[in-house]
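Below is one structure, written out as C-alpha cells, with a few remarks after it.
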Amino acid sequence: MGNTFGHLFRITTWGESHGGGVGVVVDGCPPGLELAESDIQPDLDRRRPGQSSITTPRKETDTVQILSGVFEGRTLGTPISMMVRNEDFRSEAYNEMAVKFRPSHADYTYHAKYGHRAWPGGGRTSARETIGRVAAGAIARKLLKLRWGVEVLACVTQVKGLRAHVDPQTVRVEDIESNIVRCPDSAMAVRMVELIEEHRSAGDSVGGIVLGVVRGLPVGWGEPVFDRMEADLGKAMMSLPASKGFDVGSGFDGVTLTGREHNDAFRSEGGQVRTVTNRSGGIQGGITNGETVYFRVAFKPVATVMHEQDTVDVQYANTTLKGRGRHDPCVLPRAVPMVEAMAALVLIDHALRHEAQCGR
Amino acid sequence: MGNTFGHLFRITTWGESHGGGVGVVVDGCPPGLELAESDIQPDLDRRRPGQSSITTPRKETDTVQILSGVFEGRTLGTPISMMVRNEDFRSEAYNEMAVKFRPSHADYTYHAKYGHRAWPGGGRTSARETIGRVAAGAIARKLLKLRWGVEVLACVTQVKGLRAHVDPQTVRVEDIESNIVRCPDSAMAVRMVELIEEHRSAGDSVGGIVLGVVRGLPVGWGEPVFDRMEADLGKAMMSLPASKGFDVGSGFDGVTLTGREHNDAFRSEGGQVRTVTNRSGGIQGGITNGETVYFRVAFKPVATVMHEQDTVDVQYANTTLKGRGRHDPCVLPRAVPMVEAMAALVLIDHALRHEAQCGR
Amino acid sequence: MGNTFGHLFRITTWGESHGGGVGVVVDGCPPGLELAESDIQPDLDRRRPGQSSITTPRKETDTVQILSGVFEGRTLGTPISMMVRNEDFRSEAYNEMAVKFRPSHADYTYHAKYGHRAWPGGGRTSARETIGRVAAGAIARKLLKLRWGVEVLACVTQVKGLRAHVDPQTVRVEDIESNIVRCPDSAMAVRMVELIEEHRSAGDSVGGIVLGVVRGLPVGWGEPVFDRMEADLGKAMMSLPASKGFDVGSGFDGVTLTGREHNDAFRSEGGQVRTVTNRSGGIQGGITNGETVYFRVAFKPVATVMHEQDTVDVQYANTTLKGRGRHDPCVLPRAVPMVEAMAALVLIDHALRHEAQCGR
Amino acid sequence: MGNTFGHLFRITTWGESHGGGVGVVVDGCPPGLELAESDIQPDLDRRRPGQSSITTPRKETDTVQILSGVFEGRTLGTPISMMVRNEDFRSEAYNEMAVKFRPSHADYTYHAKYGHRAWPGGGRTSARETIGRVAAGAIARKLLKLRWGVEVLACVTQVKGLRAHVDPQTVRVEDIESNIVRCPDSAMAVRMVELIEEHRSAGDSVGGIVLGVVRGLPVGWGEPVFDRMEADLGKAMMSLPASKGFDVGSGFDGVTLTGREHNDAFRSEGGQVRTVTNRSGGIQGGITNGETVYFRVAFKPVATVMHEQDTVDVQYANTTLKGRGRHDPCVLPRAVPMVEAMAALVLIDHALRHEAQCGR
C-alpha cells in the first residue's frame, strides 16, 4: 500500500531493484501533449548512478520505454505506462545482505513488517524505485512549462558543513548543471566535490541539503486546510529515500525573527499584488501568492559505508556487517532530479485541482 | 477541496471563524470504543485561546458536542460528527479586514483563489479551524493508548532564540503541562514566558519550535513508498497554520554528520531488535522500527502585530494596516495539542492500514 | 468507513435516526455560487416522511441549517456543512427492536459487523441517512443547471405490477409533481395510489421502479475505465436504501435485441453528432455522448410490515416480530428526490473531473 | 483519470489495443502469498479471444509476465506489476476506423472528450483493457479462497431470449466450464451455441446475462452508507465494457412482490443466524449476511456487425461503415472471467477494509 501519489495527476510506481524492472503508471495526464521517450530520458540520466565520479559507480543505462497512453506522438488522456528494465545480476557480494540487516537501511523494518523481503539490491527500498517518480515528473514539468510557464528546478546548497548561498530568484539551470555536484556556486562546488571524494576514499559518506525552486507560479494553487501547497510539498519531499527534513520560505531559520521582522509587506505593482520580501516562500495560507516558491530538503548521509558495523541478522542475533565493493558517498547530485520531479508532481496536481474547483 | 485527511481513520473538517460553528466528521473509527465529550474537551481546552496570559485573550469556551456515531457511551463504527458552536459577534474592529489584506496572512491568497472571502476573524483561515483536528485527534490518541499502548505527546522546545534541551525518551506530560508555555524545562520556561510577554508588550510576536514524540510504537507502521510514516507526519505538520518546517530524527542537524557517525547500529536485546542510537527517529525506510519517533515543527511568529504595516486593499491599491485590540504573541503553547492531534491521526491511520495488509 | 462519496465534489454524510441529528459536509463546491437554505429545503420536503397519505405518517419537519461554507449568500469554496436536527424521542414501541432483528432490515448485519448497534429507529440504517445526500444533491443540481444547463429529474414508473410508459425525452417535472406517487402518467398514478393504499391497509408494502433522467448534457463526461459514467451512476443508485437493481439505456431489456437492432446510428445535425435512437442511454464507452441519459432503479418492497414474522433475537434464539403503529407502504415517491440527488452528485463530480483533465 | 479501482487492494490498469502492451499494478496485496504466472494465466486464457468457435477469431496468446512484487515465489507486500505484450499489427482493414466512428462504440465519445484517439483496434476502449482486471482478479480470488474460503464464480444464464435456470447455491464450476458458452445447463448451452452461430453467420451479434455468485462469505463485509457491498459490486460490473444493467438478489423481479412475500425470515441454526429464503441476495443494509451473494449483469449485443450502418466521420459528415473480416458474435463467454475478476476485486477490498475497522 502507499505506492500512489496525487489526486488528478496520479502516479503509481512499482518495481524492485532486481526483477523484471521498475516503472510507473501516470493517470490523469491531459490529452494532446506531445510526448516521447526523449522527454523523459534526460531526467533519468541525471538520476542514474554512475554518471560521475562522486556517485555510485554502478552502471545502469536506465532506458525508458513508454508502453501506453501515447499515440502518434501525443498523449491520449489514458494512463501512461513507463518502464525501465532491470539489468539483473546477483553477485556474491550480495549474499550477506540476505541474512543481515544493514544499519540505518530499511532491511529490518521491511523484514518485520512484511515477513518476506527482496534482499538483492535492497528490493523495493533501492533508490531505483525513484525512476518511476522521475519519469512521471518529467511529464509534469513539461506540462507546467508549456501550459503555465511554471519552472521547477533544484540544486545542492549544502554538503556536510559546506554551505553555498543561492538566490532562488536568480539561480540558473546552466550553473547548476555546470558541475557534477549540481551546486550553482562553482567555487563552492569544487570544494564540495573534494569533500565528497575525501569521504569516498575513507569509505564514508556525507549528507546535505537540496534547495527546490518553483518560479512563474500563478496565484491560487493549493487546497487548504489539509492539502496546503507546503503540506503536499512536504509530504512529497519526505517520501524521498534518505530525506530527514523539509522547510519552506524562512523555515527553521525564521523562528528567531519577530512578527514585525518576518512579515512580508504587500505592494501593488502595475495592478499586481507582490510582496516586498518573500519569507513566506511564495505560499500563504497554503496557497501560492505568485512569488517564487522555495524550500529545502535535508538528506542524511548515505547509510552504506565501507566499514564494519554492529548489526543483527535475520535470526535477531548480534553480528557485524561491512559494505563491499564501491559505494555511493553522496546522494545529493542524484537527489536533485528527484526533488524536481516530486515538486512538479505536486504542482501539476494542484494546478488541475485548482482549475477544477475555481476554473470558471 | 482538501479538507479530508486520512484513509481508514478519515477526518473531514469544516467551519469558519464566524458563522454556525466549526466541526469535524470522523469516518472509520472502530466500533465499541468508550467515548464521551469528556474525552475530547480537555484537548480543546488546551487548544483554545485565552487559557493563559501569553496567548490571545479572546475568550471562547469551545464546548464540543458529539452529534452522531456514539450510542450508549460507545462508538458505533459509523461517522462521529462533532461540533463547536461559534459565539458569533462582529466588532467594528473587524471592518478594516474586509477591505485590506493582512500581511503574511492568507487574506490575499483566499481572495485571489476563491474570489469571495469570509473576512470576519479570518474565516476558514482562522486557527479555529484546528478545533476539528484536535477533537478528532483526541479520539485517535485514546485508541492508540488503549489498543497499542502508544503514547503521543508534544512540547515547546524553542521560543525565538531560547532553546530547551528535551530528551524525547524521558520527557513527561506533567512537566510539559506544569507551565503555560508547555516547555518541560521549567527554568527555560520561565525565560520563555518573559520573552513572550516582552514581545506582547511591544505589540510584536515570536515563533519557535514544537517537538513531537511518539513512544511505545510497534515495528511495522508506515506505507512506502509515498505514504512513509515521516512523509505523512510531515504533511500533517506542514498542514498546521503557521508551520514552516518539519524534520525527523537527526533532521537538518544530521546533514553535518558522516554515514559512520549517523548510522544507528542494531543490537539484539532479549529477542528484540533495538538500535543503539536513534538518529533515524524511530523510522527506517518509512516504517517504524520500534524506537521512539520524534520530530520538530517550526512555527513562524504570529503575523498579526500591533504596528502599522504596508499592504494592499481589495482594489489592489497600496495602503497600510495596523492590528487593533489585543493580539496573540505566540502560537506555540496552543500548537502543542494541534501537533499531538495531527500525529495521532497519522498514526492511527497507519495502524489500521498496516493491520489491513499485514495483519494476518 | 464508506461515508464519503465523490472525488472533486465530495460529500461525507453522518448521523443516526435518533441522536443529535443528521448532516453532510460538502467539500469542493466551487466558490461564488448563490446558496441559501431555501435552495435545499424543497428537496428535503419532497424526501421527508409524512408528506402524503401513501408515505410513512411519521411527522418530521427536517429543517436544514447551513453551518459553514457560505458567506453573504454565496459559497466560499470551503466545506459546506449542513445539518438537520433530530426531533428525538423514544417510544415504547421501539423497545422490541433493541433485542430482535427485523427481517430484511440491516439490524442483524450491523449487529454482527460492529458488535454495537443504535437500534432506535434503525440508527444509521434509517432512511434519515439520506437527508445529507438530498441536501448535497440540491447544491449539485443547482450548479449543473446554472453552469451547464443540465437538468436532473426522476419519477416513479412502476409500482408492483403497474407500469407507466414514460418518455425520458419529454417527461415534465410538473407532471411528476402533480400527484403524490410522483408518476407523470396521471391515469396510472391514480391506480398506483390505490394499489399502495390497499397494501397499507393490509399491513403490507410494495416496491417498484424509479426512472432517472438527465437532459442537456455535453459530450465528454465520464472517466473510463473504472469511473465510467454508468458505473458511478450504478454505484450511486445501488447505495440507496432498498435499491436492488440498476440499468441504463436499453438495460436488461436490450439483451434480447441483436447488434443490428440495438446499435444507435450516428447522424450529423447542424454540425452536431446525434444518434438516431438512444439505446445507449446517452453513454458510450462510459462517456456521455450528448443524448439524454436515462436509467432505472429497482426498489424492493419496504421491509417493515404489520404482520408477525419469524426472526431471531440478539442471543440468536428464534422468535417472532410484528411491526407496530403505522408503516410506510411504499418508499418510491420519497426515493425520487434521492435518485435525483445521487445522480446530480455523480454528474457534478464528473463535470469537474472532465474540466480538470480536458478543460484546456 | 478513472483507471484505479479499490481502496486497500487497489488496482491500476493501463494499455491500448495496439502499442506496447496492456497491464495492471496491484497495490496492497498482503505479503507472503504464493504467486506465479501460472496462477494468472488460466483466467487470461478464459478471457482471451479465439478460444472457441463462438468468440472473436482474433488469435492472441496473452501471456502474462509478473514484473514486480513477487520474490522467490511469494508476494512481497509491494506493488505487483503484470504485463501482457501486444502482438502489434495494423492491417488495412483498420484504416476506415481512423476516420469513421463505429456506431454504439466509444470512438465518437473518446474523440470528442480527448480530441485525440488511438483508433487501431479501439485503443483503450478495446476489450484488451480487461486483461489487467482479470490478472488482478486472479490474485484476489486466490486470496479469498485461501484466507476466507470464499468462492467466486460466474456463468452465462441468458443469451438473447434463451434463459437457463441456475441455482446460485449449487451451480458447479465443472458444469460451467463443460461447454464453450459457459452455461451450466448443458441442454440450454447447446441451444445457446446454435443461436450464437446463427447470428454470427448472419453477420449479427447477441447479448445476454451473466450470473455472478459468491459463496462461503462471512457476515460483515460491506461499508455503508456509500460503499455498500451491492454498490461496489454494481460499480464494478457497470464498469465492464458492454454491460448495461446490474441487479442483486431478487433484483428487478423482486419489485412485483409485496413486503410480506419478499422478506427473508431469520432462523437460528446451530448458533448461526441464517435466512430461510435469500431474496436479499446475501446482502442486507449493504453488508453481507453470510448467505450466498448472487447478482446478474446484462450485456448488450456486440456493436460490431458485418452490415453497413449509418454513421459520421471525424469531420462530422454523414457516411456509412461496414464491419469487415470476422467478428465476435457474443461477448458473454469471455465476460464470465471478467465478472469473476471484478467481483473478487470488490470482495477482497471489502475483506481488508472490514478487518481494518472491525478486526479487533
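Think of it as A, B, C and D in the order they're written, each chain with its own count starting at 1.
To be clear about the criterion, a contact is a pair of C-beta atoms (placed from the backbone, for glycine too) under 8 Å apart; a residue touches a chain by one contact, two chains touch by 3 or more.
Bear in mind the structure is a predicted one, so any value in this text is a computation, not a measurement.
Undergrad: What is the set of chains touching both chain B and chain C?
TA: A, D
Undergrad: Could you put a whole-Å number on the gap between the CA centroids of chain A and chain C?
TA: 46
Undergrad: Can you give the whole-Å distance between the Cα centres of chain A and chain D?
TA: 39
Undergrad: Give, as an integer number of Å, the spacing between the C-alpha centres of chain B and chain A.
TA: About 26 Å, centre to centre.
Undergrad: What residues in chain B touch two or more of the other chains?
TA: Only 1-4, 8, 13, 28, 31, 77, 113-115, 124, 353, 356-358 qualify.
Undergrad: What pattern do the touching chains form: line, ring, star, complete or other?
TA: complete
Undergrad: Considering the complex alone, what residue numbers of chain A touch chain C?
TA: Chain A residues touching chain C: 7-8, 28-31, 77, 147, 352-353, 355-360.
Undergrad: Quick one: in the complex, what on chain B touches chain C?
TA: Going by the criterion above, the answer is residues 1-4, 8, 10, 12-16, 19-23, 25, 27-28, 31-32, 65-72, 74-81, 83, 113-118, 123-124.
Undergrad: Mind listing the chain A positions that touch chain B in their complex?
TA: Residue list for chain A touching chain B: 1-5, 13, 101, 103-110, 112-115, 124-125, 129, 158, 160-161, 199, 204-209, 219-220, 222-228, 230-239, 241, 243-252, 254-268, 271-273, 275-276, 279-281, 284-289, 296, 298-305, 307, 309-312, 316-318, 353-354, 356-358.
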